[in-house]
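Both complexes below contain subunit A, partnered by subunit B and then by subunit C.
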Partner chain A sequence: MKQTPRIASLPPAFGSWRDIRPLVAVVSARYRTLLQYRAAAFAGFATQLFWGAIRLMILAAFFAAATEPQPMNLTEVVAYVWLGQALLGMLPWNVDADFRQQIRDGTVAYDLLRPLDLYSYWYGRTLGFRVAAPTLRGIPMVLFAMVLLPLAGLGDWALIPPASAVAFAGFVGSLVLAAMLATAVTLLAHISLLWTISGVGVDRILTVLVTIFSGLVVPLPLFPDWLQPFLNWQPFRGLADVPYRIYSGNIPPAEIVPELVFILVWTVALVLLGRLILLRGVRRMVVQGG
Partner chain B sequence: MNAAALLLRYLSISLRGQLQYRASFLMAALGNLLNCLIELAGIWVLFDRFGTLSGWSFAEVAMFCGAVNATYAIGELLATGFDQFGTLYVKTGDFDRLLLRPRSTVLQLAGHELSLRRLGRLLPGLVIVGAAWAALEIPLEADRVGLLAFAMAGGVAFFFALMVLQATMCFWTTESLELMNILTYGGVETASYPLPIYHRLFRRFFTFVVPLACIGYFPIVAVLGVDDPLGTSPMFQAAAPLAGFAFLGVAMGVWQLGVRRYTSTGS
Partner chain C sequence: MPQIEVRGLAKTFRVAERLPGLAGAFRGLFHRRMRDVHALDGIDFDIERGELVGYIGPNGAGKSTTIKILAGILNPTSGTCRVDGLTPWRDRRRHVSRIGVVFGQRTQLWWDLPVIESFDLLRDIYRVPPATYRDNRDRLIALMDLEPLLDVPVRQLSLGQRMRSDLAAALLHGPSLLFLDEPTIGLDAVSKLAIRDFVRELNRDRQVTVLLTTHDMDDIEALCDRVMVIGNGRILADGSVDGLRRRVRNERVLVVDYDSASEAAMLAAEGEGVRLVERDASRVRIAFDPERLPAATLIGKLLAQGTPHDLFIEHPPIEQTVAELYAEHDMRER
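Here is the complex of A and B:
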């Protein structure tokens, strides 16, 4: 008899409202776990602070020689760098080690038995993995860059407040969407573990794609003009470039809504792709261990 | 068996082990290679946009970038045992076994693994140095090549020392902390650009406290044959890499202090 997989039909992109409760539970569990490692959080904070300072000095040295107007001014670049450091953990640059372990030792089988829509359940777990750490690290980083730096007389290097109330609202909206997009991308990598098991390769390639094309290495508007048409359509810019530029006003208020739609469309597309691949993955999956 | 022969024996066992997992090794090496190239691409993008970095050209900055990446790769290659010390030896209590053997702990940890995937950073680093050398039409003289090799040797000692210090911290913290990444990965990033662009405090820190500039910026300025905007003399530039070896000496002293403080986790 042919076995019917449990998620044979393609449910709506984010499952039904019933899927929300387990989702909330897994996200809050992740926060409580992370709060146990305060020393690690401090070390991470110091690392990102240093990294931000180095990036700023490099970019400022380049700007010092600029004679013609650039697509971004230095104040906008400073905001871009600090927001990038604060929200680094939100970028989908790695896979969840717990998840990899689960696939490797076969305990993933328990997940298949849960009376939940598998994709929604994994989406919730991955969302927790993606957003918990950056909120713990991000808030002190923003406070430092926005409040402490001006007090220390380094106002030129400080994170400016949002360009306007509209820009702030757009920033918050784009950040929520960016978290959802980042989760969808990470989940694609998680699902690919069903094939590759080790995930070392996927991890590396993901890091490379994300760091370059989200704007983390160099703000995307500073890339050569001939590359801009490509950069403007690829999904990774929704992770960092769009929210940071909305914040600083580099993306004017009139363009905010189309940009939000841009991130949303990519998120839905990647969620649907993830569901499709998961469907195939579960059919052919071999559970490890015994 | 003398120390060198023993180290070679250790390393050859490690190599044979790694070659059992070729796909995984290739993947990891490819990842390292791409990371190195991304760094260079980031520099290129900024030069394409701005043309110059306070008087430095792209090829000159590429020379800094390539040299520090290659140097760091060798240091990391030799110090993998120290890099993973907290997780593998302190947390598990396995360091007890190393202490019982009639050989120095440093030798045993250096022989822990010769991590081949670091070649993924070494090779592009060397290629970048070679390409920058050719593009800048620097004469291929023995004293320049010799100074670059000396700088890189000092750099390997420097990065090895950083890994030793990172491992030493584990005697107090048990798990290795991300904090040292500031000086390792952060050091590679910092040394990829000429020193004068940084704030005075950073310049002093990376010259006198953690002598990163002594194994990167200063000797390479002499290799490039340009005048140092910071006004150092060619004599100082040529001698600067000695600071890398001195730093290693200090790190070894600190390591001995840490070993004396070690108490086994007993698990």
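Here is the complex of A and C:
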């Protein structure tokens, strides 16, 4: 008895509205679980502070040596770097160890015992995982870069406040969308574990792709001109580059809405792709048994 | 109409065979030999609403495969199955919202969260109405004595405590059908008794249908009116526990105690349908077939020979019965 996938009646991107309450519960459960790891949060904060300082020094040297005008000024770059360090955990650069373990020991099949659409269920779990780290590490990082640095007389290296009220609203909106996009990307990696099991390879590929193409290594506008058309259309820039530049005003208010639509479209596309692949993964799971 | 109706259910897994050694591993990169494993080889049974059925068999016999198919998380290769009118693997979401499942080997609670938060999460996942949830939760907490455990993260619970919490968690949404896969595995005697009492009451007072797999024959004797034995993917026996005993060997043992060894030594126990099992000091054990020689007749004969100070009849232990059934079908662990 083979069950044929019903592609004709593909479910809406995020399941039905009835899924929202369980989804919220699942997000908050994963979130609360991860908030317990305070030592990890502290260690993460210290590491990211260190990396932030190194990135700033490298970029500052670059700006000092530059002879031509750059598409971003140094203040905007400093904001870009600190926001990147604060929100690093939200980038889809790794898979949830909890998930990997469940797939390895086959217990992931038991998730089918819940009366939920499996994609929505896993989306909720992944969203909780994605947003837990930045709340723990991001808030102290912002306080450090915005308040402590100027007090220590290092105002040139401090995180500036948002460019305007509009920029701030756009930043918050783009951050929410970025979290949803990051979750869709992470979930694709999680689903791929159904085939690869170990997930070590996925982790490495993701880390490279995401850190380079989101702008985390070098802000995207500083890449060569011939790369810009490609960089402007790939999804990863919605994760970091867009929100950080909206914050600093490097993306002007008039362009905010199109940029938000850009992130949203990629999110929906990756969610639909994830659903399709999961459909095949589940078929495999229910045929081979966990 | 029976609550569960299973017809010709079969499940074949394809597994890759690995050849031994380095050369074998290397060859496996290019050409994999696949082997079919028939976990279920066409099984049929019905379970009526309110039944409490034991499901036993050696490891690898197909118990867990059956439970997984009935629970909707595994597709069979062929055959049909209706549970409350639904096909579990087709109507998965509707089906699983009506059943409870407990796997003794693995918790379904959130490992890092306190028990009560897992319960609240399940309320949201199953969309249990608030009043129903409060009723169910409070009743289960009282019955399973969970009050002191509610704020403890699941990873810190002992196995017995975890099992009680898992059972409660599986019932918060008030399912009318409960699958228990080895719920007493690894538990101490007190915890086992607590679990058994709870399952019995649940079945009797709430008419919850229970299908229970176990290796502990005491579970079966204490709980089940009916037992199904599976081996090599086929149902070998299905009926009452007594019926199972009779099917294998219709024999009881009469134990007779005398005041002294000399009195015991004088007892003659020979004849149609009677066999002397052992004579140990002042105790004599006689096996007899109650259909050929009624117990009363046997006892009458013994009393004519002398006056024992005590006598009683033993059932053969169910372990022995089951072991003999397995042996009869030449079943070994696969």
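The criterion applied here is as follows: the second predicted complex is superposed on the first by the 278 of 290 C-alpha atoms of A that agree within 3 Å, B and C clash if a C-alpha of one lies under 4 Å from a C-alpha of the other, contacts with A are read in each partner's own complex, and residues count from 1 in each chain.
Simple rule for what comes next: a contact is a pair of C-beta atoms (placed from the backbone, for glycine too) under 8 Å apart; a residue touches a chain by one contact, two chains touch by 3 or more.
Everything quoted here is computed from the prediction, not taken from an experiment.
Colleague: Subunit B or subunit C: which reaches more residues on subunit A?
Modeller: Counting residues of subunit A touched by each partner, the higher count goes to B.
Colleague: Counting only touches as set out at the top, which of subunit B and subunit C does A:L116 meet: first, second, both, neither?
Modeller: A:L116: touches subunit C, not subunit B.
Colleague: Just checking: does A:F62 make contact with subunit B only, subunit C only, both, or neither of them? Give me first, second, both or neither.
Modeller: In the superposition, A:F62 contacts subunit B only.
Colleague: Touching A:P229, do we find subunit B (first), subunit C (second), both, or neither?
Modeller: neither
Colleague: When the two structures are overlaid on chain A, which partner does A:P258 contact: first (subunit B), second (subunit C), both, or neither?
Modeller: In the superposition, A:P258 touches no partner, neither subunit B nor subunit C.
Colleague: Quick check on the superposed pair: does A:G153 touch subunit B, subunit C, both, or neither? Answer first, second, both or neither.
Modeller: Neither partner.
Colleague: Would you mind writing out the residues of subunit C in touch with subunit A in their complex?
Modeller: Touching subunit A: residues 13-14, 65, 68, 71-80, 89-90, 92-94, 96-97, 101, 103, 106, 108, 110, 112-113, 117, 120-121, 124-127 of subunit C.
Colleague: For a test of understanding, state which residues of subunit A touch subunit B in their complex under the given definition.
Modeller: 39-40, 43-44, 46-47, 50-51, 53-54, 57-59, 61-66, 70, 198, 200-201, 203-205, 207-208, 211-212, 217-218, 222-224
Colleague: Please name which positions on subunit A make contact with subunit C in the complex.
Modeller: Interface residues on the subunit A side: 1-3, 18, 21-22, 24-26, 29, 32-33, 36, 107, 109-110, 112-117, 286-290.
Colleague: Using the touch definition up top, name the residues of subunit B that touch subunit A in the complex.
Modeller: 24, 27-28, 30-31, 34-35, 38-39, 41-42, 45-46, 48-54, 173, 175, 177-179, 181-182, 186, 189-190, 193, 197-199, 202
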